[in-house]
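Comments concern the structure below.
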C-alpha cells in the first residue's frame, strides 16, 4: 500500500490487518513508533475531530504534525493538465504536492465534495491529484467519495462490542437541513462489506447510493461472505440489527446534491422506538457531529445504545495503525 | 481541583499554592514535567498572547498542544438540553466536549462574553458546558465572567516586585472605543482579594462591577484580611498605591454591554501625573493589548512604572503551575 | 548577526557561510540541534511553503514552532511613536513584540508589501519594528523589500547544480495577472550579487527594480567579482545562462504597484524556446507558486531544466542553517 485514501487501497484483507493492529494497540499502547516523523496535514475543508485525532496520533508517539489550513479559496490548486492559469487557481498540483513531500514524511488531505453530484465525486479530483503527484504516502481525512478512516473506526467499534464484524448492521438515511455528500455512508458500506457484515441499507426513494460504490461493496461482500440489502422500509432494515448507523445524505440530481425536504421525511429520524426494533445488544453509531432531535433523537444518543464517543476515540486508534502501515512500507 | 476556570476553583489557599509554585519554577526551571501530555486548546475567540504562552508552557516541558481555532461561527456548540438542532449550532456539547477528551489530557477554552450584560456573563454558558461534559480537566483561557490566569499573573507580578501581595493596589477604569466585557477586572479583583490586598476600585458612576463578583471578592477579603473600597474618585484610589491596574470595561445596561462616551471620560486615562500620586515604588500593570494615548498614556508605559511585559511573561509561569496542578490531580 | 531579515545582515561572507552549512547538512543530517528551542512564527500574510519549511526545520531537530496567524486585520500593530491608538491598530509594537520574545527563542515574521510602491517598501516598516523591539533574534519569512531565505535557496540550487555560484544567471521578468511586489526579484539579485554571479536582469521598460536595491547589489558585485547587467532584451539576457529565474513584478508608480498589461507583454513568458537560448546545462528556478502557461510555460516546468521542487526543498536547508546561526549567537 503506497497511499490510503479509499477502502480499495486495503481490500478486505488489509482492513482486517488494520483493525487487528488498532485493537491490539488500543489495549497495549505502542511506544515512540513515530519518532521524528512529520505528518503534513492539508485541509481544503475545516475539521476539528479529524484534525485532533490525527495530530494526537503523531504527538502521542514521538512524531509531529504540520497543519496547513488552506481553507476554501485561500489556496486553490489547479489539477488540469495544460491549463492556462489565469483564474483563481494559483498553484498547480504538479508543483504544490511534491514540494510538501520534501518537508513531511506523509501527507493527510481533507477535501470535501463540491456538491456537483455522484459522477464528479466518483472521480475525486483533488485527492487523486495528491496520489498522482505526491512522492510520499497520502492519507485521506475525507474526500468527495470516501471517508475511509471513519469506516474503519465504525467497524472497530462494532467488532469490540460484538466480538465480530460478521453481524447484521443497518445503515439508515436520516434527515438534515443541508445537502450532504455521501462520503460517510459510502465508507460505512464499503468497510462493512469488506468485513463480511450483513448490511441493510435503508433510505427514501431517490436517495440511492452511487452505482460504482454499490458494485465495489458487492464485490467485497462476495469475497467475505457478507450480504447487502437495499430497502425503502426502515423498520425492516432495523429488525434484529446489531449496529445502527444513521446518516444524512442528499440525493444526487442533474444539478448536483440537493437538500432533503424535511417535512416529508422527518419520520426517518431514529428514536428509541426505532432502536427497540433492533437486537437487544444493538449499538448506535454516528460519525459526528450530529444534529440532535433533527437527525437523531435525544432518546437514542442519551440511551443505552450510543457508542458515538467511543467511535470517535477509535478514529485515533485506526489512524495510528494506518499511519504506521504507510510509514513501514514507504 | 478537577477544573480551573474561575478563582473559586482555587480559593485563597489554592491561589497561594499556585503563586508559590510559579515563583519557584521561574527561578528553577523544572524538567520535562509534561512528557507526552497533550493540551487541547479550543478557541471560540482569537488569541495571540494566551495561545503562545499556553503552547510554550507545554512545549518547554516535553508536552504538546493541539490548537483548534473554532472561530466565531465555524463551529457553534449547542448547550441547551432537548434542543431541536435546526439552526446554526451544528454540534451539541454532549458529544463535542467528551470527544476532545479522548484525544487530549486536558482542555483549555477561550470564549468571550457575548456582550449581553452581567447577568448572562455570570452564567458563563460555554465554559460551564465544558466543565459539565468534559471527562478531562478544563482550563480557562478567558471566558465571559473571568480570566483567572491573567489575575494570577497580575498578582505574581505584584508579589515579585513588593515581596508581598498584602499591599495597596488600585484597579482603575480607563477609556476605550469599544464596549468591553469585565472578565479582566473581575479576575484582578477576585485574585487580589484572595491574596489579601488592600484594593481600591475606581470607576465612573454607572460602571459598577457585578454584584455577584463583588460579593465573592468580599468573602475572600474577609478570609485573608484584605480590604476592598469602591470609589468614583480616581485620585483617592491612587494615593499611595503599590500597583496600578488600568482597564477599560463597558457599563452593563438592559440592552447589554455598551461603549463608554469617550469625550466625557477621557480624563480617566492614566498619565505620569496619575502614577506620581501612587507610592514611589508603584508599578503599572495591564493585561495587554493596550491602546496607547487613549487607554493609557505613553508616559506611563514608557516610564519607570511599567511591568506589562514581565506581567505577560508571568502568564507562562502561572499557567505552567496550574497545568501541572490539574494533571497531578487527574 | 542579531537578526536576519535582509541579505545585508549576512553580507557576502555570511552568505557563503550559510550556503556551506546548508550544503553540508543536506548531505549529513545534523542531530537534535534545536532541542527545546521554540520558533515563534508570526504571519501577517498567509503562507504554506514557507510555514511548512520553517516548521519542519524546527521539528526535525528537536525543536518546536508556535504558529501565530494574525491575518490581515485580525491583529494590526501600531508602529508609530506617540500615536493616539483610536483606530484599527489595537496593539503597539512596543508591547506586542517584546512579549512574544518571552515565550519563544526567536521570531520569524511574514509581512508583505502593502502595494504602495518602492519607496514605502524600502522602509519595510513592520519587519523593522520587530527588529527594533524584539529581545530575541528576528528572521524574515518575506517582507516588503526582501525574501532573503528564498534568495539563499535559489543560490544553493545553482551551486549544487554547477558547483559554483560564479556563473551567468538570468533574472527575467514574467507576466502575471496581479500587481506583485519585488521582494523575490530583489532577493535573487542581492544574493546572486553577494555570491559573485554574472547577473543579467531582463524586464520591460518601466519595470526597473528600485535604485536602493540596485545600488546595494552593485556594492556586493564589486566586492565579490560579480557583474550585473540590466536590459530590455530578454533573448540577450538568456544567451549562455547557467540558471534562469523567471518572476513577475509590477511597476512602481506614483499610485503604488500596478498590474502589468497582459496583452502587450505575454511574449515575456518563458517557453522551451527561451530556455534553448541558455547554456546546455541551464536550470530553471522559480520561488513558487507559479501560474503555468501565463507566467511560465508547461514546456519549461515539465522539461529537463526545472529544479523548482529541489529549490523549494532548499528552503528547508538554508533555513535550518540561519536558525542555527542565530541561536548560536544569541
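Miscellaneous remarks
So that you can tell them apart, the chains are marked A, B and C in the order they are listed, and the count of residues begins at 1 in each.
The rule is short, and it goes like this: a contact is a pair of C-beta atoms (placed from the backbone, for glycine too) under 8 Å apart; a residue touches a chain by one contact, two chains touch by 3 or more.
Quantities reported herein were computed from a predicted structural model and do not represent experimental measurements.
Shared contact partners of chain A and chain C, listed by label: B. The two sequence copies chain A and chain B touch through a face in which the numbers common to both fall below half of the numbers used overall. Inter-chain spacing, taken between the CA centroids of chain A and chain B, is 40 Å. Those residues of chain B in touch with two or more other chains do not exist in this structure. Taken in their complex, chain C has these residues touching chain A: 46, 48-49, 51-53, 55-56, 59-60, 177, 288-295, 298, 301-302, 308-309, 312-313, 316. Across the complex, chain A is touched by residues 36, 38, 40, 64, 66, 68, 70, 74-75, 78, 82-86, 90-92, 94-96, 98-100, 102-104 of chain B.
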